[in-house]
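Next up: some structures, all given as structure tokens.
The following pair of complexes shares a single chain, chain A, combined with chain B in the former and chain C in the latter.
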Partner chain A sequence: MWKVYKYTLLDLARNRFALGYAFLLLLVSLGLFLLEGDDTKALISLTQVVLALTPLLALVFTIIYFYNQYEFTVLLAVQPLRRQAILRAQFLAITTALVVSFLFGVGLPVIAWTSNAIGWTLLLTGTALTAVFCALGISIAVRQRDRAKAVGVGLVTWVLMVLVYDSLLLWLLFTFSEYPIEPVIVPLAALNPIDLSRILIMLKIDLAALLGYTGAVYQHFFGSFGGMVVSFLALLLWTVLPAWGAVRAFVRKDL
Partner chain B sequence: MNRIAFQNLGKRYGKQWALRGVSAAFAEGEVVMVIGPNGSGKTTLIKCLLGLVRSTEGSIAVNGTVIGTDPSYRAAIGYMPQLAEFPKELTVEQLLRMMNDIRGARSGSTDDRLIASLGVDALLDKRISNLSGGMRQKVSAVLAFRYRPNILVLDEPTAGLDPISAGTLLEAVLHARRNGATVLITSHIMEEVQRLGDRVAYLQDGLLRFALPPETITEVTGESVLSIALPKYLAQLSPVHVEGL
Partner chain C sequence: MRRTFASTLLAMCCLLVGARVCTVRPGGTSITEALAITMECDTIRVLKGTYREGALTVQRPVVLLGEGWPVIDGGGTGEVIVVNASHVTISGFVIRGTRVSDMNDNAAIKCIGVTDIAITGNRILHCFFGIHLSNVARATIADNEVIGDEAVSETRRANGIHLWKCNHVYILRNTAIHHRDGIYLEFVTDSHVDHNTSAYNSRYGLHFMFSHRDSYTHNLFHDNGAGVAVMFTRDVTMTDNRFERNRGASAYGLLLKEINDAHIERNLFTDNTVGLLVDGCNRADIRDNRFEANGWAVRVFANSTAAHYEGNVFTGNTFDMTTNGDLVLSTLQHNYWDRYRGYDLDRDGVGDVPFRPLSVFALVTERMPYAMVLSRSLMVNLLDQSERLIPTLTPATLEDRAPLMRPPTPGTPTTMNTKGRTAP
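Up next, the complex of A and B:
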């Protein structure tokens, strides 16, 4: 597996999109920190960018890279290699490349300007989100025969997680505002990796106080060490389960 | 000894059978030209052999062992696909090194003659993204022959190659045959089929209609050119006739 990983990573290291992504993030991060006088405000703005952009680019890049490599993947599948090893290697290489791009583009400015718990939480959750959406991307790509359809499914997945899911939670909060619905919202929010990441960062910025009872419930659960561990375990599950499903589907697939 | 043996092989996609009841055996040192109309099952047959497609029924034995989920049998196979695509940002040399690593090839154990004779040595420091389709085909040919496989599967190998390189490649096929390799080639070029093939395996609608020496077909029809003899021979067969297996 590591042989395929090594050379796939070498290919990705020179990939224009991966390099462009790193520099785009660097530009956005530098722009926010240089233009915004308050570093915490800049970090909040950067959080919004990271939470929207990182999942989208990880999803689309993974899908497109998988299809661009398809003929070569078939050639690898004809070598004395297990298919599991091929897909795992490709998934790990894509994730590594995008995480390195993220840490270069966002990590360096964040460490330079706000090397505190908030900054580190943003880097951790950004890294986790990259892995989650690479896993979702590879899972979608393996199951779809058509590239355009796979990109479409990826975009719908992103819209569902970034916009629709939040809207549904808000609707629930408003509709059942007279009931103590907050304890139900906490696990529901944790089911969406983007919401979960947002909550983790928000708690570090101490914005939870603005959310009243909901914020207190979030603070009570996610603010504790155990809550943090559970949250990152949830993000790990969001990575492992789609990746595992993708490998399973790939092993059974007619290439 | 049979290098490849198909036993009642069948593959179904949904309700459609792409291959049905294919039984044939190919010996060492034999060049088999797999031909047939588009959609006749040639690619599916090759993909079943390579482990890319799981058969619905029947079995395949390679070098005497029925293939299953263990990929180690593929160490004996060299494959040249019709469309050669590699990681675009790697150089040719890095690609060759990658395949060496995957194959566990030691220095000096590889057959590097095609690197020089196809002119791939001049491409070693070039990135794949800078190669033309024909150049990528040459790299693909090098990879197929490099690990001295005793089974070669070549899918339209001369498509996209210039005439001199195509000639070099066909010479390499004959050399591999002399060394005892079994070679399966799909081709639509009948001159190539007649010149190289020890047997012609003709597939139609997923059925293997016959696997005969080209001379048998030309003798039976009284035509010396295979491209003329083949339609006449097919016209003589009943729809379900299977011969020479």
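Up next, the complex of A and C:
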């Protein structure tokens, strides 16, 4: 498995897209930090970019890369290797490459400019999000025959998680505003990895506003160490479950 | 008032130079004896030491001067010093040992129904009420430290500086911490509250009601349980104050309720849950203030009329301005908003397109606070952007028609030549 991992990673290191992704993030981060006078404001803008862009690119890149490697994968599959190991190695390699790109593109500027709690939370959640969406990407790619269709499904997944889910939450809030919906809405939001990451970062940024009114509840849960651990466990689950599903599907797949 | 203060000082000097002074030292004459009406002296020097004489009552005009921080300990029986005479000065003491009571407002220094009082440079430690003036005219409360006990719960606390039905009072350079309200004024008119620090009080840093024609300048209010609340008052001037880190479910940097004709200028609001809450205020003039990193910078209730916001700077707030109704009877002009994305073709420093400070998401959270969970999500951003372009949900009248392109530099007047542009 580790040999496959190594060679996939070496291939990824030469991949123009992965490099481009790293430099795109670097450009965005540097641009924000240099143009915006206030570092915290730059960090907030960067958070928005990371929360939207990282999942999208991780999804699309994973799917496309899986199809580009398809013939090589088939070649590997005829070798005396376990299929599980092949896919696991590929998944790990892609995740590693994207996380390294992310840490290079976003991590370096963030540490250079603002190595505070917000910055560190951003890096942690960004890394977690990358892993989550690599897992989702590979589980989509394995299950689809057609590359275009897989990319389509990936995009739909992204839109669902970034836009539709939040809209649904808002609709829920409006519809059931007469009922005590409060205890339900936060766990519901936390079910979506993007929302969960956003809440974790937001708690560091919007502390003042959140402490008012009902924010104290969030603060109690997510702000505590236990809450952080639970949140990152949830993100880990979001990575492990799709990846595991992908491996299962890959094992049974007629290549 | 200033004349009174000067004359008090003058009187003090005369007394120190040539007047009849008696000296109290531990083991000698007690303060109670020195204060007796039959005593001839009009200045009492109290030397270093601890004096436990129960409640002291001042019955005649006198100057009480502490030297080397003598401690007056009330012993927890009730009040410590009760002033029943006019023209009294108390200065240079450490005072402690009031009794917590639900029946009496026990205070370290209490003055009732007198005039021309000076309470300066005392340290009042762990008392129930600190300085309590009731029905007093012409007083100066300056340079005192009124420090409560941090460990005491709110129900066992009282106000640091408490004034009821007073006029012409100067409250200057005092520090009030760990009390219920730091500074509390009720029916106090024509007074000045300047350069004080009020912090870590469990309720309000400053709390006043029915206190007309007062001014509050250069004060610092921070980390108070509910910030600063001012109510039912006419002609208030609040300038150059700082309101910082007042956080909590019902905490405000500054809460204005039923305030008429107020001038709120050059104040700094930082890191509060709500910077400024305007509820039922008429003709407030709010200009040149800075709102930084607050949850809600300004919340205006729709029952407020004719407020004017000019030259204020809004940066780094989660919400800049929210309101709870469709009716907006306030005017906004020449404020700087860090969210403003307009342009300035004629380069006069004023943006050419209006700015709408009320985001649709702010409106949503106004109705459903729990929607905060969606703050800064992409969906909410898109919603806000589209609303900015085509306002349908937010009141169209709440807009800054002439927003500044960059924050005004401190010290320069904001009223600039705008080529005939006028406020809406």
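Structure notes:
Convention: the second predicted complex is superposed on the first by the 246 of 255 C-alpha atoms of A that agree within 3 Å, B and C clash if a C-alpha of one lies under 4 Å from a C-alpha of the other, contacts with A are read in each partner's own complex, and residues count from 1 in each chain.
Following the convention adopted for this analysis, contacts are C-beta pairs under 8 Å (C-beta built on N, C-alpha and C of every residue); 3 or more make two chains touch, one makes a residue touch a chain.
Keep in mind the model is a prediction, meaning the values are calculated, not measured.
Within the superposed three-chain model, A:N15 lies in touch with chain B and out of touch with chain C [touch as defined at top]. By the touch criterion stated above, A:G126 is placed in contact with neither chain B nor chain C.
Between chain B and chain C, C touches the greater number of residues of chain A. Shared-chain residue A:E71: touches chain B; no touch with chain C. Once the two complexes are laid over each other on the shared chain, residue contacts for A:L169 go to chain C alone; chain B is not touched.
In the superposition on chain A, A:L51 makes contact with chain C only, while chain B stays out of contact range. When the two structures are aligned on the shared chain, A:Y7 is found in touch with chain B, with no touch to chain C. When the two complexes are overlaid on their common chain A, residue A:I185 makes contact with chain C while staying clear of chain B.
Of the two partner chains placed by superposition, only chain B is touched by A:R82; chain C is not. Residue overlap on chain A between its contacts with chain B in one complex and with chain C in the other: absent.
Note for the complex: chain A touches chain C at residues 38, 40-41, 44, 47-48, 51-52, 162-163, 166-167, 169-170, 173-174, 177, 181-182, 185-186, 189, 194-195, 198-199, 202, 205-216, 218.
Contact residues of chain C toward chain A in the complex are 247-249, 251, 271-274, 293-296, 315-316, 318-319, 338, 364, 367-382.
Residue ranges on chain A touching chain B, taken from their complex, read 3-4, 6-8, 10-15, 68-72, 74-83, 252, 254-255. On chain B, the positions that touch chain A within their shared complex are 13, 47, 50-54, 71-75, 77, 79, 81, 83-90, 94-95, 98-99, 101-103, 143.
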